[in-house]
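Should a chain be cited, it is by its letter among A, B and C, assigned in written order, with residues numbered from 1 in that chain.
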Amino acid sequence: MEWVNAIVQGILLGGLYALFAAGLSLIFGVMRLVNVAHGDLIVMAAFLALVVTQTLGIHPLATLVIVIPVMAGIGYALQRGILNRTLGDDILPPLLVTFGLSVILQNGLLEIFSADNQKMNAGAIEIMSIPVADKINVGVMPLIVFGVAIAVIAGLQWVFYRTALGRAFRATSDNQSIAQLMGLNNKHIFGLAMALALVVVALAGVFLGVRTSFDPSVGPGRLIFGFEAVIIGGLGNLWGTLIGGIILGVSQNIGAQINPGWQLLAGHISFLVVLAFRPRGLFPRIEG
Amino acid sequence: MKPCGRFIWALKPMSDAPLLETRNLISWYGDFQALFGIDFHVMPGEVVAVIGANGAGKSTLINSIAGLLPNEAGSVRHAGQNIGDWPAHKIAYLGITIVPEGRQLFPSLSTEENLIIGGQTARPGPWNLAAVYDLFPVLAERRHQASTSLSGGQQQMVAIGRALMSNPDIILFDEISLGLAPIIINDIYAALPRIIGEGMSAVIVEQDISRALRVSDRACCLQEGRVSLEGISAELSRDAVNQAYFGI
Amino acid sequence: MSVQENYRFVQTTRASRVAGLVGVVILIALIAAPWWAGRGDMRLLSEIFLYLSLAALWNLLAGYAGLVSVGQQAFVGLGGYGLFALAMFFGVHPLLAVPLVALIAAVVALPVAVLIFRLSGAYFAIGTWVIAEVFRLGFAQVTSLGGGSGTSLPIGIVKSIAASRSMRESVSYWMALGMIVLVLAVVYFWLRSRHGFPLTAIRDNELAAKSLGVDIWRTKFQVYVLTAGLTASVGALIFLQKLRISPDAAFSVNDWTAYVIFIVVIGGIGTIEGPIIGTLVFFLLRGFFADLGTAYLIILGLVAIVVILKSPTGIWGWISRKYDIALFPLARRVIRVNPSNENRNAS
């Protein structure tokens, strides 16, 4: 029965990982950019939420009202100020710049907040759970996170395929020059894409901060989880990313059941296995 | 004195100033100079053909006008305004539109979405989805299909429709017959009067010399980045054109 | 008057000949360091040599082969742990273990490369990071090597390097010096050779190189395995000096990747001279900012970002463009030679 419980918890964990991955996938889809600082931005959002709850005394989830617009603004400024300059045929500049950004963010957060573990208290809903079967409880918080992940992915799909903005994203990512001929300003479109991605990052950060503890150094780990979810699920497929996150979460939990020290390793091994036999992922839609 | 006489003068009175002109336009691709000082102009309501061999600089000229290539401010002018250094997305709002070489539809967009995005600049005018479907009914049947799953000729129709959706003042057609079967090319050129019949200006880049001369008021021949011949299409002799085209 | 003219290829430049002479002089001085330098200076020099080795190797991978790895710490740590394991469990003399770990790492790199070469670009980079994480987590499970908290090198093994401490320090120093000479020589001659020459082509234009028959995949594969081996040897030397190893130290992203990347980027990526300049700048700055700790990383990161955006070829790129010099010349120039033996520079 513990195994079934491990799997159930793993599925719910997959929702959080899908949240980590969705922003990454969005940016790669629109501008073929992989933001190495993605995980650190998630952590930054968590710290931002922490500061807001501590100064305003509001519930962590309520901080989203502030964290989301702030992160969106940061995303737009970051893209237009720095990242737009790195886009082009050479893969080195965006990689190296975002890597530099990652180091700067981690150490900046370290300077400001110290290396202490932090966690936000969401009150009663953190301990509430729904008994589903004998010895299987579904935590309300993880369920909410899973639900948010589904809502986010559905929302992003809606934006991409049913709105003018989404049309602009797809057109610009297809062919920058011709998109410009339609009157679309690439720099602005990419800025909006990054802003949207950081909205998702804001959600990921706040829910990370409520679900587990965090400190300035956990960024790269979140990046890797997001990345693994994307690769397992298949490039260019947001719902695939959800499946990828679930597979990752389940692998980790099964590994932890066997031996607590094997949790992370089990996840990585799952990823490597998929990479070995299905290099393009389980449900790929675009080329990497 | 237009040989073709298709224009509705009431809609677009002829003025003396060019709608679009280039002055001493120079263009480089890295170390390679593609244009050596092109003087070119289009009057309102005029159809100008640009002919020349491969590599003569025709597409470079088009891309420069549209703002896809960087230029000196004064080297491209629209309605008396310097636009040489304007970015392409800004120029689009002036009503300058391209039907690009090779169609270049957006693969991620359906046929209808390609048309809709053509209307992004939301300029006023007669062209909208209904009008485009009226012009090219076959597109209406395939409106939700992926644009790249259409045949070559249908894709060209989408590309033209996409350009029309912005209600441009001037359309630049970059080699619309490239890669299409002759019968399809005939169909498209047959639709040309309806497309540019409302007083729109047009630049038609073509490798088919006789067709280009037939549909245009004036013609301009490029050879290795320079204007080698220019004049009223009906008055240009075949010999003169061949000489200018091949540079012999 | 018609003159029959011949052409020949020349690779050395005047600057490179001068630099070669200066280099030999410096090398002799460095070999003699145990006689004129203090303990602290020798340690610092060793550190410089080892960082420069890592930088030159990372540069070969990223700047020439276009394989950006943020996971080279995998092999640094593998080399370190390899040395400890060989010495502690198999009685291999530490100095012999240094080249041996290169072979071990090269063999390990084979299946790793097969896996991660399925990814490209930035995804490849993160893939290398995952591999490093797998190594870190793996070694943390090995209790005989101290598990998560690591282990120290037993005194007996330490003493087997040399009897006296000053002799041990000299040996460590000479090993580090030998390492950097080896690495620079390997990198330089590899790039000049039949194997490595395609790299400069791949870096400049991969599609064109492919169309000329260059086997991209195999060339990159060879470079990856080669760098893995040499990086592991450097790692072995690093931890031989530290005398203590732990998973977090062995596989530290900051120490073995972040600093190295910043060194190469600031110095000049894709050139052999770049990492040399970058390492010198890095240690100079570290001297000034020693007390700042995390702030030093932030400053480095900012400088690196500015360099990438403003002068992507780094400090050396700026210098070599301005003064048109190459100290490690790779390009071949054509010189026109008259039969009357008057040389005239055609470039």
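In the analysis below, a residue touches a chain if its C-beta (ideal position, glycine included) is under 8 Å from a C-beta of that chain, and two chains touch if they have at least 3 such contacts.
Keep in mind the model is a prediction, meaning the values are calculated, not measured.
Enquirer: Give the chains in contact with both chain A and chain C, ordered by label.
Expert: Both chain A and chain C are touched by no common chain, going by the contact rule given at the top.
Enquirer: Which chain has its C-alpha centre closest to the mean of all protein C-alpha atoms shown?
Expert: Centroid comparison flags A as closest.
Enquirer: Among the chains, which one keeps its Cα centre farthest from the Cα centre of chain C?
Expert: Measuring from the centre of chain C, the most distant chain centre belongs to B.
Enquirer: Counting only C-beta pairs in contact, which pair of chains has the most of them?
Expert: Counting C-beta pairs in contact for each chain pair, the top pair is A-C.
Enquirer: Between chain A and chain C, what is the separation of their C-alpha centroids in Å?
Expert: 34
Enquirer: With chain centres defined as C-alpha means, what is the inter-centre distance between chain B and chain C in Å?
Expert: Measuring from centre to centre gives 54 Å for this pair.
Enquirer: Counting in whole Å, what is the centre-to-centre distance of chain A and chain B, each centre being its mean C-alpha position?
Expert: Whole-Å distance between the two chain centres: 45.
Enquirer: If you look at chain B, which of its residues touch at least two other chains?
Expert: Correct list: empty.
Enquirer: Under the stated contact criterion, what part of chain C meets chain A in this complex?
Expert: Listed in rising order, the residues are 62, 66, 68, 70, 115-116, 118-123, 125-127, 129-130, 133-134, 137-138, 140-141, 253-254, 258, 261-262, 265, 269, 294-295, 297-298, 300-302, 304-305, 308-309, 312.
Enquirer: If we count contacts the way the header does, which residues on chain A are in touch with chain C in the complex?
Expert: The contact residues of chain A facing chain C are 33-34, 36, 82, 85-86, 90-97, 99-101, 103-104, 107-108, 110-111, 220, 223-224, 227-228, 231, 261-262, 264-265, 268-269, 271-272, 275-276, 279, 288.
Enquirer: Which part of chain B faces chain A closely enough to touch in the complex?
Expert: 66-68, 87-89, 92-93, 97-98, 100, 104, 106-109, 113, 116-118, 120-121, 162, 166
Enquirer: Which residues of chain A touch chain B once you look at their complex with the stated criterion?
Expert: Interface residues on chain A, with respect to chain B: 164, 167-168, 170-171, 173-175, 177-186.
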